[in-house]
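Paired with subunit B in one complex and with subunit C in the other, subunit A is shared by the two complexes that follow.
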Partner chain A sequence: MAEKQETSKNIFECIFKKIKDTFYDISVWLYNCFKRFRKTKTVSAENRSKNIFVFCVLVYPVTIFIIFYIYVNFNSILLSLKEYDYDTGRFNYIGFENFKMFFYDLRVDYMLRYATRNSIFLYFFGLVVSMPLQIMCSFFVYKKIPLSGVYKVILYLPHIISAVVMVLMFKYFVDRGLPSVLKSLGVQNVPNFFYDLNTAFPTLIFFNVWMGLGGGIILYTGVMSRIPDSLIEYGELEGMTMWKEFWHITVPLIYPTITVFLVTGVAGIFTNQASVFTFYGTEAAQYLYTFGYFMFTKVVSTASISGYPYASAAGLIFTLIAAPITLIARYFFEKYGPTAEY
Partner chain B sequence: MKKIIAVIICLIFSISFFSLSACNPKPDIILDKTKSQLYVGIYNGGWGRDWLDEAARIFEERYKDAEFEPGTGKKGVQVIVTGDKKYSQSGGLKNTIAYEKNDMYFSPIRYYDFVSLNLLLDIDDIVNKPLNEIVKDCDETATIKSKMFTEFSDYYSSYQNKFYAIPLGGSIYSINYDVDLFDDEKLYIGADTPVIDSSSTVSDIVWVGGDGNKSLGQDGLIGTYDDGLPVTWHEFKLLMQHMYYDKNIIPFLWSSEEGYTSNFLYSLAFHHEGKDVFDLNITYDGIYTFGTTPTQITKENGYLLQGIEGKKRALEFAKEIISKGYYHEDSGKASMDFMSAQDEYLMSKYKAENGQGQRVAFLIDGGHWHNEARETIGLMEEEYGNEYKNRKFGIMPFPRFEGHKAEKTTFYTSSFTNAVFINKLAEQKELAKTFLAFTTTDEILKLCTKISGMIRLYDYTMEEEDLNAMPYYYQNIWETFNDIDIVHYLSTNPMIYENQGYFEGQWRWTCQGSGVTSGMSFNNPFIDFGINKNLTVDQYFSALKNYYDKTKWDRNFNRYY
Partner chain C sequence: MKKKIYKQFFPMLFFVILLIYSISMMIPMLWTLITSFKGRLDFNLNPFGLPSEWRFSNYSKSFEVFYVQILSDDGPRKVYMVELFINTILYSVGSTLVSVFTRCISAYVVAKYNFRFKQVLYSTVIITMILPIIGSTPSTLQLMRTLGLYDNLWGIIFMGGGFTGMTFLIFYATFKSISWEYAEAAFIDGASHAKVMFNIMIPLARITVLVMMLIGFIDHWNNYTMPLVYMPNTPTIAYGLYYFQFNNINAVSGVPYLMAACMLVTIPIFIIFMIFRNRIMGNVSLGGLKG
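Here is the complex of A and B:
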């Protein structure tokens, strides 16, 4: 029986070998047939090939950059100096009127005052609470504390699920579930978390911190996993505690990543809408305004075209403020932060 | 090898790039190459698209032998309707219309934005032509312009003295009430009720049911839609008190759509003041009497109109409901979106019957809510039988406050921005014009009202037969529209149309507290009275008047005067 199986196996092997050889012969024949058409590449031809390759790879992103960054921003700068004329359907130059109006609004408009306060608060809250929380949680996951994998999945889950679904779930939980729990615990006068002056913005901050936690953990654990094991083992041999490991090894080694977040966060002061639009649409109360949301309401939704130049001026002013602050922040973070290489 | 990779990358990008520009609005539709295609976009909001689908079907049938593209061999029309909320001002249609496949739209837009950007096709010829010369098998000699309500005809022909769009229809914000509940629970004011004054109590009113002898209502006529409904604010307060304490009924329910409650109260303000005062908010040319002081309103002092009495009355209305707890506990909560509120309202009958809750009498929503909730109504019919399908709802006029000035029942609406227009870049311009005219024939106007409940802004009448085939709510809306004033911000005044978002938005109720309320900000009376229990009507009213001052007004509008 075994002999029979061995024979059939040999037959199959023979067939495969025959097919393989046939294809090889065909490829050799084809090569010889077309050999005379092939050119021997010179150095310049080789360079040209490389250039074509580089060009093909870059043409798309560069085009996108030119259209959607350079052109759009250049157009925004021009737009900020204009006003819309409904009779002609054109934008006419009016000088710096839009800038003047925006600076005036910054002084007297309560929406912008709230936006300034909330946006700056959001950044510092992120700096003091959100980011350390992300790093601490990441560290525990990285150190593989019991059930760390489960925590990782649970904390990252909000990132996988659609933001709209998360908002809906959060709304129902905070609006209905939480008050029921608090009432059952004997709490009187449970606030309307989304509309009460004292709770609305903190509720949004909580949501943002929660949503940001998963993303932060993935990034920071990724960076932490690149820390050489030998370094940790050496520390452990020296009797290093977990806290010392965190403070003297982990934080300095992931500091470049932290810096990136801190620096981009500065620019985010002027763009982060903090999920206000997702929760309240275009009709959020003034005390919930952030710069990002303010800009959103000026250009989307039912905004008229006549409002675009003002929005452009506001955006440009934000950029002029954000750019130097970002550069200064980066300079300080890099100069005075811990330095370590591995 | 590098070349091959480069070519593949380029191909992938090219395919993905160009495939986007060739998107078919409805890929599941099989194109009939033997017919001319007309692509139509409709804002798929409260009124849905059913009426347009039916109109398209009739149009296809009527024009099955027509040739719109001579020489191509194509005969007949295929109307491809795409419903989407992106077909609107808020959906950014003005930025995307040039790239959309649709030849024409039925959408809410800022007309002046679109027309000044040269996005719309000139339809002046078709608007001024008798319909029987445009539409096949139509015997109407009237033109679209002559059928259109004059104020809309003026508005849509104001740009370069040509028509680039025509009105569609809109809804009003009023008190939607459960007629069955009033019938069953005897919540109507009986004709035998003695004169009610401010000292009257609930027991002074003779409450009657649906078959009882009802009072005349606000119009003073018997047999009309408002029979038995409260006329004065005091009567309305007694009705709410009666519901809440004697009948275990929750008077009000509203959703988290802040715009609905804001519009509702704004509507109430002008129900008190009347159309003439609203027109002052458009023209800034006239006299308003603050207390006993007549004041000339001009563009320079338009901010004074924050202090009109109607706004204070609307605040009183909101304060009464909130302070007395005459509302569903989930009203206005973030999780109570408009669909949830509609469902809760409809289901409250079932819940009350099963001891799971209380019935709700009034829903704050636009007139389109009934059509929007038809899916729930259908499900209830499946679950509970015809009794639920034939539920009766109606529109109740706002009560009259002391010092009521309006000559007619007045409603404010923000939904008259709905328009019908043809894309300037439409491939089938003539076909689109024909379809546009077709949708303004009496046949389609009636069909639209019958299916969706939308009142088209044209002169047409519904036959008794048509009315009887409509849900009770639609009949009620139709009857209500017969003798009311409707006010809105569609204006040819640049100060208004260039700042429509401002007047339809923050101008209504947004302000910052001053004095005792300093540091507080207000956005919506229902919400703000709910959060700040100590906030009084006078404080909110003062905040409105103080916030909109001369300085802010000049900063916003001095370029217009």
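Here is the complex of A and C:
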């Protein structure tokens, strides 16, 4: 009985072995058949898996870019030629009416006149006062005057504290805290800093310069710290004074950063709202208008769908002014500025 | 001797300027902190000095006092500060994760792989940074309304993906500086492309990822214009602060409460900044685009 089982087991084993061997033979035969394709196939498969990977990674970011940059800007042009129809809730083409209206407003509307004046003034004020002040202060922070480590942390605060919080702190301090100090010091007729015709705009300018100084210093100091020490040590051996170092080493080497600011500043004329919205909401006085504020109030409230075409037209005109200036200015700054490689 | 005085004059002058500036920066902040502990009457009588009685309850009270009126599906509703903070955390964490992650992986691919549109993508980033396009917000808003993403938290987070901006360039520079040999070794061991990216290359760039995440989080936490324009019915705390100053402040005449709210918004960010300040501030030196 036991012997019989063993033989039957052997028979099964034999059959399994036969089948296994047959499969092995087939696989060897198949392997040999496809051997000549094999090498090229791996390369193309690898290439394909690489392409699939790259595609998978980029598909979402590129789609977003195409929709929210390319399509949006194209749509902006179309939108500027349209008008909102309250009855149907659709936008209909009306030609260049929005552009005509904007140019008409530019001549007639006080808001836009003030906006032009204020925005251009802010740009040049930033150029003539803020930027030199920032660069000079950065130079001395970089040269490690006493407490420069502490200054860096304090100067960084406007960067990390919300603009709303900064505005609220400043606004209520100047509005409520400061007058009581001035009164106790014996100053009569403390002006209403935010709502007085003579003081509101200067207060705003002061706030912007004051806020911008810290960030500017941090940035320029960062760039200056990349200047190689060997250059400065060499200059010191030659008996270079601090002024000479400033004019002949620091300024040329931070020049690329300065140009970036000058160039982006041109577009800033039309986009920078100089915190007006944060201070005053939608109810700023006319003489405080800036282009950025003008544009922002046009789109901010939920009920202003009808204002979209007009705002698009204004934006398009601003772009047509700012973009060429930016590109040309950039070209000239790069071509005729001091060049330095380090 | 005279020369030495001359040499010391300008550093001293700017030392004084910076000292005055720093003090002028600290005074409103300290004033805000002190005011946030004052009682209402105390503040009206004595807006500048120390409080006669320190009221820590202002902080808990500001959670009850401030709200943003919104339009929900079931009509007007008041959103109080707890919900504002929840919205803020969802918005800042979500937006930061999406926007930093997409820039990180696209910068990785552009820096490390060869494919047909590689150069096009890189140039696109540079061009979008140089070319000023003004006033595309109305068009974006119209598109968002059409797609049903307007006034939708997830819509705003979704829109934040993309590959342009300074973050891309910083990641690009980081990945360029990491040797490709690590990846090659992994490929020989049979790792897939995705595995190499997630398990080897991104962990190697973890400091840049961390810093970009922190900066992104701080930016989104503080940003009030995006919620204001794109999702007015999902207010965040920064938008709430903007809203309070025009809407609730007269009703409760509570400048101290408002200042307490300001401190509540600032403190989390300030703590994050103080912990990671060297990393965050060290990153600034990367600024200044060369292209």
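In the analysis below, the second predicted complex is superposed on the first by the 276 of 342 C-alpha atoms of A that agree within 3 Å, B and C clash if a C-alpha of one lies under 4 Å from a C-alpha of the other, contacts with A are read in each partner's own complex, and residues count from 1 in each chain.
As a working rule, a residue touches a chain if its C-beta (ideal position, glycine included) is under 8 Å from a C-beta of that chain, and two chains touch if they have at least 3 such contacts.
Please read all numbers here as calculations on a predicted model, not as lab measurements.
Colleague: For A:Tyr60, using the defined touch cut-off, is the partner it touches subunit B, subunit C, both, or neither? Pick first, second, both or neither.
Modeller: After superposing on A, A:Tyr60 lies in contact with both subunit B and subunit C.
Colleague: Is the number of subunit A residues in contact higher for subunit B or for subunit C?
Modeller: On the superposition, C touches more of the residues of subunit A.
Colleague: Name the contact category of A:Ala267: first (subunit B only), second (subunit C only), both, or neither.
Modeller: Only subunit C is touched by A:Ala267; subunit B is not.
Colleague: Once the shared chain is lined up, is A:Tyr104 touching subunit B (first), subunit C (second), both, or neither of them?
Modeller: Touch status of A:Tyr104: first partner only.
Colleague: For A:Tyr195 in the superposed arrangement: first (subunit B), second (subunit C), both or neither?
Modeller: First partner only, subunit B.
Colleague: Check the residue A:Ser49 against both partner chains and state whether it touches subunit B (first), subunit C (second), both, or neither.
Modeller: both
Colleague: Which partner chains sit in contact with A:Thr116 here, subunit B, subunit C, both or neither? Use first/second/both/neither.
Modeller: Neither partner.
Colleague: Does subunit B (first) or subunit C (second) touch A:Arg176, or do both, or does neither?
Modeller: both
Colleague: Can you list the residues of subunit A that touch subunit B in one structure and subunit C in the other?
Modeller: Touching subunit B in the first complex and subunit C in the second, residues 49-50, 53, 56-57, 60, 168, 171-172, 176, 281, 300, 302, 305, 307 of subunit A appear in both lists.
Colleague: For subunit B, which residues are in contact with subunit A within the complex?
Modeller: The touching residues are 2-3, 5-7, 9-10, 13, 89-90, 92, 94, 110, 112-113, 116-118, 257-259, 262, 330, 332-336, 494, 497-501, 504-505, 510, 512, 520-521, 523-524, 527, 530-532, 551-552, 555.
Colleague: Within their complex, state which residues of subunit A touch subunit B.
Modeller: These residues of subunit A touch subunit B: 49-50, 52-53, 55-57, 59-60, 84-89, 101, 104, 108, 110, 114, 168, 171-172, 174-176, 192, 194-197, 279-283, 285-287, 300-307.
Colleague: In their shared complex, at which residues does subunit A touch subunit C?
Modeller: Contacts found on subunit A: 49-51, 53-54, 56-58, 60-62, 64-65, 67-69, 71-73, 75-76, 79, 91, 136-137, 139-141, 143, 145-147, 150-158, 160-165, 168-173, 176-177, 179-181, 210, 213-214, 218-219, 222-223, 225-226, 241-242, 254, 256-257, 260, 263-264, 266-267, 270-271, 277-278, 281, 295-296, 298-300, 302, 305, 307-309, 311-312, 314-316, 318-319, 322-323, 326-327, 330.
Colleague: Once bound in the complex, which stretches of subunit C touch subunit A?
Modeller: 7, 10-11, 14-15, 17-19, 21-22, 24-29, 31-32, 35, 43, 46-48, 102-103, 105-106, 108-109, 113, 115, 121, 124, 128, 130-143, 145, 158-159, 161-164, 192-194, 197, 218, 221-225, 228-229, 232, 238, 241-242, 245-246, 255, 258-259, 262, 265-266, 269-270, 273, 277, 280-281, 284-290
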